[in-house]
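Please find the structures below.
The following pair of complexes shares a single chain, subunit A, combined with subunit B in the former and subunit C in the latter.
What follows is the complex of A and B.
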């Protein structure tokens, strides 16, 4: 088979053909797509290591999603109903392992769609995506570029939605006039820094210092926090720090007596942060990811199926592990399922075309495919995003804000700061 | 003659190997081949008695150099790989000035600090190093036809043959160096440094030479990695990978040329194939750590000691023992 492929030169067509034959010869059910057969979905994310908190809870959420969909009769395509099965590969947030995982999922497991966290791992996978035409999703739209035609960012337009938190803060707590910010110096932290800078500038909040970028290997945050609060800011912004950083930074802010406002992209496992600090200290902490038992998610605008039931089931199986990504991958599957049923097929090309035909059913309301200016391609689904604050020890949605509306008013600021940090799609090396 | 047959059979097995593996296992085979060169080059440095924590960063120097040479200057990929190794060796020579003022534990810590400085420079200077995101879209090895075989370097089997050939040549050179008077002097620098010095050996020069040669080959392994994966970033060459290299060397043993290679092969197969196939994907760090602790407890001389025992027994079994009664 290999010699046949290499003689003819590998194209998308020969690649997919060989993959199907290989999968069939291995007796894999996902390859034949006979009515009633199982459709396999790839989950290629870090399940171990420092970034596992943004992979593992997502896989747990997907398993619940699959059980619920299968119990309701599966996915209905042109040739009948199919059950869904997830096949995972732990890429350890390493591009080389991500490439190996993508190869396995496509060429051996016969998956129809692959969900990724993205970031550092996407460039390792991109050649595989280019060769095979497989449809991939990322949580990090900074992976998007005109070259990534088979990559979509349908759940999270990180970090652009962070503007909604700052905008809400400026409107509801106008007494807050000054801010400082810290972030890990990596592919996740830098575009978020640019976004928060734009949001603060748009809100008229003064930055007292340049963002403090710390090395991702940092473990002692006492000096970071000491320097941060030395200028007595009203707001400390934790950017998009991993939970391994958010927790010790919050703890240090508490220990060093900070009394002001904290804003962060995430506050995963915030109950543990409260336990390490105090309920009073964490009161009013603003971030962007709700618990799905929030009453505000029962509105008619919400497209996520039964968010309260999903949250209850998740917490029953994985108590204390609900995080930012617990629902996101599952929400991508809602979108994928709707598109596959619309197309009547699970083939990557058909699903992608159906998905981008008209408005997208984003978890937090109908949204538009957007992003040419920032990402060079309209493959990010953008609409409303919630602003969440901790009140009496519990995360509560305070408001839904429109990202496109903010961008229409302040897009030039975002572009300016993104350019300053070399984060525009045409600046990425 | 039997030795020749063994080598021929081993070569045939290595050539046939990818065709007996799945696509993803072929991918792992490519990375394993590259890591074999990395760990074998690391052993050359340990011959002089110095253990470095910067070897993986030096591998990264080769990767970044080769990637930038192709991206910015359009250098032909195989040439850039070679130059990547040369640049890594030159950087090692530069680093040797401060580092070889230290010995033992101090050298270990110094090498870690030097490596971190290099990694921070990659992060700080987005031009040309790409900052925290690193460099992506690195030119792949250009495809070509060798008449009997079409090399398509997207395919792991093709890249395995290419990387395997490069690594085989590098291992042969490393082997020849170790068996040469220079290699013997490396051993002397480790075990009898005062005596070597008294005999007129410039100990520091030999340490520098070992460091530079080891770094050169580590640089080539980095270049091989960069042009296969197509992307590199500072985190790919952090202390985590260095811990793996140390583990391979310790579990395999460093007394023989093949010890660290054995450690690398066995642990990679266990970690990347066996544990994943057993469905223990998320338990791998725990099991991997347990294997390391157990091997240190029960195999203090590494996996190579098992091979040595086996080969010694065979050698003893080959010639019938004389008994006093006979």
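What follows is the complex of A and C.
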């Protein structure tokens, strides 16, 4: 193979030259950039396959973010202004492909920062992060451990923020006394089960049954729902079910005559759920992810640039596609940009240091780098999180609640339930 | 408790209905063609996407969309017979490998045509037959149950009481002897593929408004179908129906009274027990039917 390449015109001199350049770019990502040159950001997430819904909309949001930043003059570093360009790699939610993608993004594309969905793909990438020192972000703080010093979770602290919805429900609907829960039996479902159990216990809401776990391959949710509502609960909790599950479960709850409260981590494409059930049935459905046309996002506490305009532009380009990740990767970029400008450099270590220097400008307000007890490292940005409810067919923020405040009061419950489900960082393999 | 048992029973009847439609199609193809069609789950998916395209996107009436879906997937079956299985008839593993390739092509086409996300299908009807407050059968589920009873009864009549059906069964039992009797093996293969694929297609089309339609939806369906046909006896249509009912009952009741993960384990254990006690399955024989 090598002889073929050499015969085709690759000389020893060009080979050594290109190898040296590659080694340099791998060792010093972003450091040798000329003034005015474009800064590249890696987007390493599932763009196809079953998990693409938590990757592709994020890239779409990042493209809008980049256009807005570039139109405003780009990012201002010590050596002048630079435009931002996203380089994407579809990891198909496969660890091996994620490792290949990380290597390519660093060595060939010279990116300065890599955003990931995380989860199953992070273990594939971690050796590359360790070797190169590249700064990575994840949407899933369960990837964090003391061994992941270059990994940050600056957008969402799934599933810890779910406590805010239960806390709000207990305060605003005290007549709700009992609950049941279901979840898919996987890395997203189980820590969320532990979190909701802690939140319900803290709120004094009785669980009528152990959480009902189902196989992620489940397609018919009628038996799951029959079991859930058989004990007449006040609340049915859908945990962190994927939207492919939330929709049919909600539809089954409607068809099997449930009339109580529903709480869920997400309600992506809730308009479709309303179409399949009714506006009345979905009234008061509590979840954790707002639409960005929400008036509550125009407050001074919000650190996301022009959320209403971003939402309008996103829906113009991708009608009906808005979901939780549409804004999350873009909000990470807001943090990254602020840190890079503060550091005057796009190099990973400088940005990481600037980012973790003091409070962080989280999308929903100033927040602290936090997590040692749960993740073994303070690399998750934690502060307030919104509680959202559907009112007359539209998602509306009902309140912002503090995750650290809840944890200060009830952290022992969370640790207890996390341990029971083997979800603490030192229990995860 | 009675309400819970009754509701679980209704859930099981629905599950048995769509599983048996898929499994019987798979058995028919295996019986006549001697091919394990790994793309059968994707034929189910193709039926569902036919409803997405026609009913959800183009506002074609639901039952017309289902009928067109059945014909479309049946024609996909004919295409598979001609392009994949017939040329590879003499290669024992060829058909199986080709069907895996076709599975990937169908998935890729679904992604290219509709994207990777779950498709939204407006409800066909929100009517529910309420036996009591807690025992309710959505009419959309009743459609699947009725379709399974009618179509499988029609298939039984076709196979047992018509000349084409006899020819099909003769081809399945002994292709060479059937050919010597003047039965066209190619024709019977085409009929088997059209019916087998069509049954998967109509199951997908009818259940499309009830499940999450996405390019990977065929996977869990084919796994269930394989369990069912192994339990029933590979090649036995009666076995596939009986095993569908047994599997649906066990899986639904275990899910309701214990949990879904345990239900999967019990379903697989059922298959293992049958294989140990009767390796040919409940209705199977050493030779394929």
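Note that the second predicted complex is superposed on the first by the 399 of 429 C-alpha atoms of A that agree within 3 Å, B and C clash if a C-alpha of one lies under 4 Å from a C-alpha of the other, contacts with A are read in each partner's own complex, and residues count from 1 in each chain.
Keep this in mind: a residue touches a chain if its C-beta (ideal position, glycine included) is under 8 Å from a C-beta of that chain, and two chains touch if they have at least 3 such contacts.
All of these numbers come straight from a predicted model, not from anything done at the bench.
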Three-chain arrangement built on subunit A, subunit B and subunit C clash or fit: clash
Touched partner set for A:170, first subunit B, second subunit C, both or neither: neither
Touching partner for A:215 - first (subunit B), second (subunit C), both, neither: both
Which superposed partner A:94 touches (first subunit B, second subunit C, both, neither): first
Which of subunit B and subunit C A:64 touches, first, second, both or neither: neither
First (subunit B), second (subunit C), both or neither touched by A:185: both
Partner chain(s) touched by A:48 [first = subunit B, second = subunit C, both, neither]: both
Which superposed partner A:56 touches (first subunit B, second subunit C, both, neither): both
Subunit B versus subunit C as contact partner of A:272, first or second or both or neither: second
First (subunit B), second (subunit C), both or neither touched by A:230: second
Location of subunit C clashes with subunit B - one stretch out of 98-106, 170-178 or 242-250: 98-106
Intersection of the subunit A residues that touch subunit B with those that touch subunit C: 48-49, 56, 185, 215, 217
Residue ranges of subunit B touching subunit A (in the complex, touch as defined): 19, 22-24, 27-28, 31, 71, 120, 123, 126, 128, 130-137, 140, 149-152, 154-158, 225, 228-233, 235-236, 238-240, 272, 276, 281-282, 284-285
Subunit C residues within the subunit A interface of the complex: 4, 7-8, 11-12, 14-15, 111, 116-118, 120, 122-123, 126, 128, 130, 133-134, 136, 138, 141, 210-212, 214, 216-217, 219-221, 223, 251-253, 255-257, 259-261, 263-264
Of all residues in subunit A, those that touch subunit B in their complex: 2, 5-7, 9-10, 22, 47-49, 56, 88-90, 93-96, 99-101, 103-104, 107-108, 120, 123-124, 126-127, 131, 185-187, 189-190, 215-217, 422, 428-429
In the complex with subunit C, residue positions of subunit A that touch it: 48-50, 52-53, 56, 185, 212-215, 217-220, 222-224, 226-227, 229-230, 243-245, 247-248, 251, 254-257, 269, 272, 275-278, 321
